[in-house]
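Structure in structure tokens, see below.
As written, the chains take the letters A, B, C, D, E and F, and residue 1 is the first residue of each chain.
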Amino acid sequence: MEKIQILWQSTAIPHFEMGQIIMMLVGFGLLYLAIVKKFEPLLLLPIGFGALLTNIPLAGFSEVGGLLHYIYYIGVDTGIFPLLIFMGVGAMTDFGALIANPKTLWLGAAAQFGIFATLFGAIALNALPGFEFTLQDAAAIAIIGGADGPTAIFLASKLAPELLGAIAVAAYSYMALVPIIQPPIMKALTTPEERQIKMNQLRVVSKREKIIFPLAVLFLTILVLPSATPLVGMFCLGNLMKESGVVDRLSNTAQNELINIVTIFLGLAVGSKLSSEAFLTVETLGILGLGAVAFSIGTAAGVLMAKLLAKFSKEPINPLIGAAGVSAVPMAARVVNKVGLDANPHNFLLMHAMGPNVAGVLGSAVAAGILLALVG
Amino acid sequence: MEKIQILWQSTAIPHFEMGQIIMMLVGFGLLYLAIVKKFEPLLLLPIGFGALLTNIPLAGFSEVGGLLHYIYYIGVDTGIFPLLIFMGVGAMTDFGALIANPKTLWLGAAAQFGIFATLFGAIALNALPGFEFTLQDAAAIAIIGGADGPTAIFLASKLAPELLGAIAVAAYSYMALVPIIQPPIMKALTTPEERQIKMNQLRVVSKREKIIFPLAVLFLTILVLPSATPLVGMFCLGNLMKESGVVDRLSNTAQNELINIVTIFLGLAVGSKLSSEAFLTVETLGILGLGAVAFSIGTAAGVLMAKLLAKFSKEPINPLIGAAGVSAVPMAARVVNKVGLDANPHNFLLMHAMGPNVAGVLGSAVAAGILLALVG
Amino acid sequence: MEKIQILWQSTAIPHFEMGQIIMMLVGFGLLYLAIVKKFEPLLLLPIGFGALLTNIPLAGFSEVGGLLHYIYYIGVDTGIFPLLIFMGVGAMTDFGALIANPKTLWLGAAAQFGIFATLFGAIALNALPGFEFTLQDAAAIAIIGGADGPTAIFLASKLAPELLGAIAVAAYSYMALVPIIQPPIMKALTTPEERQIKMNQLRVVSKREKIIFPLAVLFLTILVLPSATPLVGMFCLGNLMKESGVVDRLSNTAQNELINIVTIFLGLAVGSKLSSEAFLTVETLGILGLGAVAFSIGTAAGVLMAKLLAKFSKEPINPLIGAAGVSAVPMAARVVNKVGLDANPHNFLLMHAMGPNVAGVLGSAVAAGILLALVG
Amino acid sequence: MTPPTISEQLLEAASLLLVGMSSVFVFLSVLIVSVKLITKFVEAFPEPAATAHVTPTAASSSFHQQDVITAITHAVSAYRQGKQPPSN
Amino acid sequence: MTPPTISEQLLEAASLLLVGMSSVFVFLSVLIVSVKLITKFVEAFPEPAATAHVTPTAASSSFHQQDVITAITHAVSAYRQGKQPPSN
Amino acid sequence: MTPPTISEQLLEAASLLLVGMSSVFVFLSVLIVSVKLITKFVEAFPEPAATAHVTPTAASSSFHQQDVITAITHAVSAYRQGKQPPSN
């Protein structure tokens, strides 16, 4: 009898709290989004699974000695995992389109307005009862507008670790929602004629330009924004490994096995921050709302900047490509391509959108560095 | 002269203890089994090599600052390595046969009798002089009957770390000996007619069933056996990654590079526990004896359960497939197939044995959770 | 205004020290050597990049909490990374040529004279003002003569961590310079007739010999040189995994993904030791000079030993193959082949040079063990 | 606290045997029921054949950029088309 | 230290917005100039077509040993040649 | 403890040179003998050609499950055979 009592007490049933049940539903929801809706499954599947595990009563996944505790403290608290992912992403990124048309860097710059406007919005939310975002919190939330997962996780782990779970979930969810969020904004801000503009073929970029480019980016970052060098540095290392062509085995490993291993762990670690105390707050609602606003503002700023550029440019510029400046590589570029095809079924904008798209990655890494320097 | 004296003192020869020499022979023996006899070489080769290294005088592999010390404390003491291996095994496991014929879960359940009977046997051994197994020790030894390496290592690292080396060696050795241990028991408990029974073709299982299955297993484990969720959870994560089909690159890495890297380290770490103080005891003899008993009882219980099931089943059940319930995936299923072919050269039982085989993995993970809950 | 002041202070420009600028130039120089000159790019690219990162003002890569700090303390301070690389190199090494012609081990032994003569030279340098090498320093510098990267890094991390950066850079640079350093020495010490000597075809070595060989090497090392067992042991583990043929998936991972991941990290960690305080000293000049001397003496000793051997050998021995005894696998063997072809365009010495070449790896690991035992 | 006698230990082990095996059977029996329910559920709600294919390209957006190749193909064909007299 | 009022915070956020966006634009504008300079530099000093191919085999010496295969091929051919009457 | 003079250090280094090189030579010479013994041993006990092939499938049991494929093949053929009149 006593054994059965022990056994009953060792089931989770008498220990469940309402918050844990809700968070498990959130975890299942993320798994649903990942598996059925195919929303950024590489991250949302392990994040959702981590959310399930961390909320199991008695199992202690995120307590001292628990698996997720170790993974979080080894990889996220130290910043190692997002930086390794960034290295791998760098090794996958082709800057050819950007080097061929460097003006697109301005589009990547404009789209960062989503970040800084959202920072302002987060502080403005403090006027409402229940919200008490510090400047650090606001900066970590605003980076969602950068539409870049590793950058968001890295900055949140430095500025507002307690919001990390909500921020990462919002960042990846909205990145998956890019095909739904962006097109209405893009269409509202452009005329059908503008959307049909055909752009000139991009020139071929030489291997040496591609090798020097990451070094130039790093050099500039070192000079004026050392706080961005962890992110930009690892990104440029990955890109240099790829483009130099002399360490292909390292480059391949960085963009395959290493990034895969780290992605599994990073997802689980982020999921482990989805506890009810941290997530089931009115602030999470604020974060989700601000994230959507950030994406929208970033998209609009990119498109408007493209229209402005087009005014002063000798070559034709389709303003749609400005929307790709939010990054969310390569989905935002695909969305640009699709909206362009809707306007003119012979107008393929994908390559032209890759320039602002990768510029957006640099732009948000730079923005993260600025936020670290000013409020970190 | 003094230099030569230092040199002589810095050789291992004047420092060897008898126990170290014997343990090195044990290590060579494991290498022999792995390389020549092909006994579970993936684990026994690094375990044997680790046993050699850890017993070298003056080298300090397992002392503070030594390589094996780091590997053990990072990966085994924390439980990380066996859990990662279990994730990889989950990503390799196909539950199709089990879902098509869920009754075979009872065979996987019955075979766990080997575990609990052995626990009783280990305590009974305490009546003999020289044996002083605690209940924790007995539970860790009994899990050998689960015929599942990572489960055994995980449980032993939690309940009886000082017995870890002997338990892991016994578990993997007997898993390799399954083709020798099981057939006589299977033949003794069945008639030739029973062994010739042909089973009905299994139905095709849909992708969605395979996706929901690991989630259902996890859900059930969370509810009633949270102490089993580290093992079951990581296993189900691996299986979900595989079956969901949306994160193939993560699933492939989990079942290839990641599991390979962890296997090398896990083997070395287990080998590092093969010190003479821990291994050269009468208790090791007890562990080896109990392990053989556990496998035999588990096999017998599986076969008998299959005979019982056959009585009440409308569809024909070949009792041999019960033997696969001990897990030892997929060797036990192969043994069933072979013994079945001996009785009827046209009777292929492999697919039918895969159901109880993978059920045995779940069964012993559940049994491990129960033991952790009750004696941990 | 205040924000802009903060922003200015948060750029690197007002914080740069001359030493950091020079070290960044050194880093760029290493990248140049790696990418343009293709000098050992697998190591020199990450080392050069690490040198850039570690010298960025305010970024704190190598301070507590910085990425390179973690990588260094986890992987190099513990010795784990060089040992894992050595395991991978072992899994890539084919001892067939050495087993077929075991006398070539003497060539690998002779070439270690470069190490011990350099140790003497380093101490002799203390007579000059500005040099104060301890015996530990001298031993760590001398190992550059072993022409084996992981061995040099391992020994330096144990004996003289503050010299690690310079030693690793010298070791890899000179390994890349082998095609320039060795040929003049080889030609000076041999006559054209000697260089034309054709050697007999090597016999085929059986699989079993190749399996037993690493175990024999390990056994001998355990007996007489336990301090060398970390290096030799991991090397032999890799080689045994390869030759045994029973754990191909582990062997493949060890010589591909695992060694690639570790190489990236090791390179960055070594680069993080290239700080101006540690590198911009007169001692670094001494190290660079001594390294070149070590390679030259080793080459000469190998060739002279080969001439001596040829005197007493019944079979013809081309003295050029002695130069491969310095290791630098497989570049030194290629150099031998090339110099041989220059003398006789039909004389392919590559296979014959592989024997002393891999013997040199063992030889320098043994030398490292001796140095650890005597001055460690 | 005195160490348990051997008979106390055996009693404990026997009760573990009983409770443990019962739990394993209960657990896996519930799982059998669950699997049957899953099968019924899946049969009751057959997969809407189309939806699975709507957004597969959305997967893993931040990871691969092979579209670049597609894009180049398109760009080349667009470029060629641009040289031909427009047909639309 | 009293916590900042909401209007102080908003002022701070507004100044961050201004300074941040300016910095991003300045940074990426400088990068545009740099890219153009790189392109000019690369065009001004065209790659000496040959040098890149001089030492490619020198790469990663401590890593792969596939020459062994080459060597065996050579050795075999050398062996065969050794059996034939020397033609030189 | 006074630091060693340069000549003391040189003496030390010289003795290291002597002892070290001797040790390397002794070690590798013993290895030469060992290799020759291994070769003789391997020739003396030629491999029983068959044994190596007896249990290769036993390798790595807990790792791959490709038999499932084999099994399906077998199962299908068994299924077909089951439909034919039994010939045995």
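Here, a contact is a pair of C-beta atoms (placed from the backbone, for glycine too) under 8 Å apart; a residue touches a chain by one contact, two chains touch by 3 or more.
Note that the structure is predicted; figures quoted are calculated from it, not measured.
Least step count on the touch graph, chain E to chain F: 2.
Annotation: the B-D interface is duplicated by C-F among the options A-D, C-F or C-E, judged by over half of the residue-numbered contact pairs being identical.
One rotation lays the C-alpha atoms of chain A on chain B, and its angle is 120 degrees to the nearest 5. The mean-CA centres of chain D and chain F are about 38 angstrom from one another, to the nearest whole unit. Separating the CA-averaged centres of chain A and chain E is a span of 25 Å.
Chain contacts: chain D has residues 16, 19, 23, 59-60, 63 touching two or more partner chains. Contact of a single residue of chain C with at least two other chains is seen at positions 3, 7, 38, 41-42, 224-225, 246-247, 249, 257, 374. Contacts between chains, counted with the stated touch criterion, involve the pairs A-B, A-C, A-D, A-E, B-C, B-D, B-F, C-E, C-F. Per the touch definition, chain C reaches chain B in the complex via residues 78-80, 83, 211, 215, 218, 222-227, 229-230, 233-234, 237, 240-241, 244, 246-247, 249-250, 252-254, 257-258, 373-374.
Of all the residues in chain D, the ones that touch chain A in their complex are 15-16, 19, 23, 55-65, 67-68, 70-72, 74-75, 77-79, 81-82, 88. On the side of chain E, the complex with chain A involves touching residues 6, 9-10, 12-14, 16-17, 19-21, 23-25, 27-32, 34-36, 38-39, 41-42, 47, 59-60, 63. Remark: chain B residues 3-4, 7, 37-42, 89, 92-94, 148-149, 175-176, 178-179, 198, 201-202, 259, 328-331, 333-334, 337, 346-348, 350-351, 354 touch chain F in the complex.
Of all residues in chain A, only 3, 6-7, 10-13, 24, 28, 31, 34-35, 38, 41-42, 45-46, 49, 52-53, 56-59, 61, 65, 67, 70, 256-257, 260-261, 263-264 touch chain B in the complex they form.
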